[in-house]
Amino acid sequence: MGHRLLGQRYAGFDQINPPRLTPTVGNPGQALDHKRFADATMRENFVAERDILHRLAPGIPVTTNFMTALSQCDSVDYWAWGREVDLVTNDHYLITDGRRTHVNLAMAADLTRSVASGAPWLLLEHSTSGVNWQPHNPAKAPGQMARNSLAHVARGSEGAMFFQWRQSRRGAEKFHSSMLPHGGTDTRVWREVVELGSSVDSLRSIRGTRTRADVAVLWDWQSWWAQNLQWRPSEDHDPRERADAFYEALYDRHLTVDFAHPEADLSAYPLVVVPALYLMTEAAGNNLEEYVENGGTLVVSYFSGIVDEHDAVHDGPYPGALRDVLGLTVEEFSPLLKDDRIRVTGPDGSELTGDVWSEFVVPRGAETVWTYADGLTAGHPAVTRHRFGEGSAWYVSTRLTAQGLDALLGRAADDARIAPRADLPRDVEVVCRTGESGTFLFAVNHTALDTKVPLDAHGTELLTGERAAGQVSVPAGAVRVVRLDG
Amino acid sequence: MGHRLLGQRYAGFDQINPPRLTPTVGNPGQALDHKRFADATMRENFVAERDILHRLAPGIPVTTNFMTALSQCDSVDYWAWGREVDLVTNDHYLITDGRRTHVNLAMAADLTRSVASGAPWLLLEHSTSGVNWQPHNPAKAPGQMARNSLAHVARGSEGAMFFQWRQSRRGAEKFHSSMLPHGGTDTRVWREVVELGSSVDSLRSIRGTRTRADVAVLWDWQSWWAQNLQWRPSEDHDPRERADAFYEALYDRHLTVDFAHPEADLSAYPLVVVPALYLMTEAAGNNLEEYVENGGTLVVSYFSGIVDEHDAVHDGPYPGALRDVLGLTVEEFSPLLKDDRIRVTGPDGSELTGDVWSEFVVPRGAETVWTYADGLTAGHPAVTRHRFGEGSAWYVSTRLTAQGLDALLGRAADDARIAPRADLPRDVEVVCRTGESGTFLFAVNHTALDTKVPLDAHGTELLTGERAAGQVSVPAGAVRVVRLDG
Amino acid sequence: MGHRLLGQRYAGFDQINPPRLTPTVGNPGQALDHKRFADATMRENFVAERDILHRLAPGIPVTTNFMTALSQCDSVDYWAWGREVDLVTNDHYLITDGRRTHVNLAMAADLTRSVASGAPWLLLEHSTSGVNWQPHNPAKAPGQMARNSLAHVARGSEGAMFFQWRQSRRGAEKFHSSMLPHGGTDTRVWREVVELGSSVDSLRSIRGTRTRADVAVLWDWQSWWAQNLQWRPSEDHDPRERADAFYEALYDRHLTVDFAHPEADLSAYPLVVVPALYLMTEAAGNNLEEYVENGGTLVVSYFSGIVDEHDAVHDGPYPGALRDVLGLTVEEFSPLLKDDRIRVTGPDGSELTGDVWSEFVVPRGAETVWTYADGLTAGHPAVTRHRFGEGSAWYVSTRLTAQGLDALLGRAADDARIAPRADLPRDVEVVCRTGESGTFLFAVNHTALDTKVPLDAHGTELLTGERAAGQVSVPAGAVRVVRLDG
């Protein structure tokens, strides 16, 4: 665990304490192991309770509500928990901090479905309107509750349940919205709840179908645990922020995302994105190598593949788990100071902007696509591409803005032969569920303008009962669900 | 106390602990009760000590120094304490955080007088110049100490005492100003102290008179306690800020304020303002109803009248204690995100600005006066007016700027038939004390320009001994006290 | 200790506890004594260990690594520690917070040398490139490591040692740079380490020589301890910031600084600067008086000479320890509010800017050189000069910007007959070491432009072996060391 460096050794198990306040930095290896221990202990407890319930109530599925979207709930490894519940369920509340709430919702839903290995899951809690535990708790706009509900269904949920039925007059949650507000039944919220309930029946045939994903994003709670230990190169590098940013860039390209464990089989995906996976086992590195060798397209963001499962730097130059597939080594990280920006120029004259991070990248097989134009790393590669076997592997060594990520993903999508969806406006979300009962296209219009979504086939819109041919009209703020013929 | 919501019950008194650190939010009802318990316990202790002193030293008044202006001293209910002391005394120090110190001083003095039920009180501590415990401790400007002293007297104090006599060379308060500074008697501070002392005699006839107020502002420490518990709709809504802002708007209209308990008799006031009284008993609500019914004008700011004395939401739509008198219901609160602004337009085309808060107001008798022009609540009422009995009740559902409050209060003052004081410049403060010994007009000039204050009658200026007829000259930074003839 | 002010007394030593959390402010005198106690206890422990080592290993010098540049290591009095070690050694890491790292390096090296009473010392730790414990840890630029190393040598170090030899794969310091990085020997860092090592031999003759200083800056850890206790006039006044700012202003005038204890013999220096020495003994005050009386030039910044060694205000007007030599008293401090600025005008029409602090200064012999143009102190002196004996004493009562400090120091340097170095560009550092083996001029070019440094004599550049006459060329980013003939 790294204790031998400064002459510290453990002579026995009884010398091992939980992490404590230390006069200087603690041992990161021990802290990581303690996180694993805490997660495993809680999970063991859940399994024991589940087994009792199974014995006493055979045939009744047992679950516990996950909270995949909240980084404060990152202390459990949902990959492992997903294997223990009979049905994956999730609580989701809009994070009202100014970011696009529907993108976070889509990400949470995709992550929950991925934890369920793609099987249908259930939204166990969301809210009819505002909550009461965030710094600022705005209400939901008219129609937003139904739109939120169906957006979860589009990404695999078999329903949309609410906390809470009737707003409590007392206690800590009395300002949390509910199906029946303090204001009673003569309220917009109540009317919208009733309206949503009455539309559910028309969607019955969707049950059991599965959401179709276009690309995979690697995800690993254990890597977040390791990454967020003390004494990292920059306090401004937040791996969760990178995961969010890459997800948002993929969302804005109208691509549906599966999240995948780094050691999972990736062969089904034309494109795999690794936002910032600091901890990556040798097996995961080999998995990605094999994936690219066999024709996959890989995009890796900086500070990935650095340490193994013991938080030990992989032997040799960074990024140990990935340097062969990326065709490069990183001599040094060079984080930027607060608010510093760095320019990055492409061969076509395009200019992107990075911040937070830069690196001294030495290509060892990779070609340089974008180059640092200023800063300490001026003249060094910022974005590289490596032809490897039948595929290609991209690497980006700085924190690009949304515009930069889009440019990078556009190039990678070309490699992966994923055609752009120029026919869809921004914030019009299109997702498909498919299964024995048919193929269902969800079109969710998050904008204030009516729009039309093109269809590859004829079909029937389930909420209105109207036929759709070639396209379906989706009013501002509305959702349409087309069951495609065939 | 709201414990039944999540299945928690108390089986006996011995299960009740003081509020503790909890893994998630605590029980607000219990926390509120604990605040009452702590206040009552301290008060009991004071009363016990007072009674001993009364027995040992009959006829000597007993007091303890209040700190009405400091929100960190809000843990006691001064309404209750005011009834226990023989003489209400207050400590006041200028809050040097960039806000107008003389407005805070006036507010503290008005509040202290109100705690004394309008009877004369005593300024037990203030400072000759800077203090040493605020983040930044500027000196007082020349003349400011005398101006501060007499501003307290104008609002009911029978004197102006200082902490500390001689600046201590050692300990924690050695940089706190004093009557005799480290610099000795050859200092401006000492000379100003001597000068102030020599003027006191001329003001002797004021003793025992009472300050005349124009309007009432409702005030309740118990409501602050409840309001500031956890999990409120927005962390940016600060009820004390609203109280300060409404007070400042009234001050700038040259109105003298009495603070009143929500259940007090309000019939003497043409205008009553409720800045943000989250907790309001049913009795208080009835009190306000009766007040308006009988011809009063009421102005209520958002998030008032929401819960009862147990922090339980009043049954039915918000604001339970006030919806009849206001003629409206509030379907939902919708706090704004950090730094968001919202526009509000009036029928006359006037445009005001709000932030922090907005609401979905449904008029049920009230007329809409200003309307939200953008945001989630666009098109809904922002400011309403309800004719009720002989009076009218105004409601504002967003946080208006100073300019907006002035517009609102201007309209309400018209309803209350309070004429504007267009003849007084900003920051020229005029307050009257009256009693058996006569009527005394205090004119305090906080500006850097000499000014003249109109008088309704002839009189004698006490500090200069000069006669005043029709008006009194008040030099920049000076105070004049006119004893009106008759 | 100031306890008698509020009726607190100690009846015995067993009533004295270490400083604890208090409901309000603690006793500053006791807190200061506790800091002395903690420092003395640690020092006693070191001395005990040192004596054991001396006994067991006679003739082997014993040291412990100081960290003079880090304010978090200010809890020890290095003046006292410097007397206990056989060799003064220092750890130095660039503070990468956006300030000029080479100025902080020079300051740390000058301070270390001063702690060693001017004798040669040793840089025991620095880094080849970035560290891992600051908020942002950029790499060093090419050539920066060698430039840093020789900049320490210029200011008295006998070498430049690194933490760490080989980058550790595990534990808390795995992202701290090293001589042999994770990337191995095919890295820029390794190549620069090898190159630096090969140049060392040419500098052998410098050993044992001493750095020549131009001016003295007073420095006292005990004063920092006292200054940083609770309840000071402004939380924005940071004495360490003033020390840094004055050092930087002297650095930019190309003056080499010795730091001196306030009671040290100062007669060797034409100019002595007192940045912000809140605590100053009467002996120190007398020392400065004698220094000026005998012809020295003194520059004193505000909030100096205020308290004695017990944190008691010197009797009489501020600044008690210095009012005679400065020829003035300070009636009141008047700190500025956050972000407030104040203008200061000179007799020549020059305008400077201050913030954080202002004072009501009353000249009592001193002449006013710059005057406050606005704010509470408008019209009062901002900068004064006092002819005293054969010398002169300057006083500045506000926090001047870098430009203001330069103007002030320019005037004081004239008094001290220190000629400006107009022939040296900014950030070209020139320092001399001299001794039995000769005189060595170090020229350190921190800029991106090649430059030439004038020489008073002919000499030989040691790193290139070239002869230099009249001047030496110093390429961008490089260091040149000229052994002057004679």
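The letters A, B and C name the chains in turn, as written, and every chain counts its residues from 1.
One rule holds in what follows: contacts are C-beta pairs under 8 Å (C-beta built on N, C-alpha and C of every residue); 3 or more make two chains touch, one makes a residue touch a chain.
This one's a predicted model, so the numbers in the text were calculated from it and none came from an experiment.
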### Query
Is the contact between copies chain A and chain B built from the same residues on both sides or from different ones, judged by whether over half of the numbers are shared?
different
### Query
Rounded to the nearest 5 degrees, what is the angle of the rotation that puts chain B onto chain C, matching CA atoms?
120
### Query
How many angstrom between the C-alpha centroids of chain B and chain A?
50
## Note on the structure
Among chain B residues, those touching two or more other chains are none
### Query
Which part of chain C faces chain B closely enough to touch in the complex?
1-6, 25-29, 230-236, 307, 310-313, 315-318, 329-338, 360, 376
### Query
Which residues of chain C touch chain A in the complex?
96-98, 129-130, 132-133, 135-139, 141, 167-175, 177, 181-184, 187-189
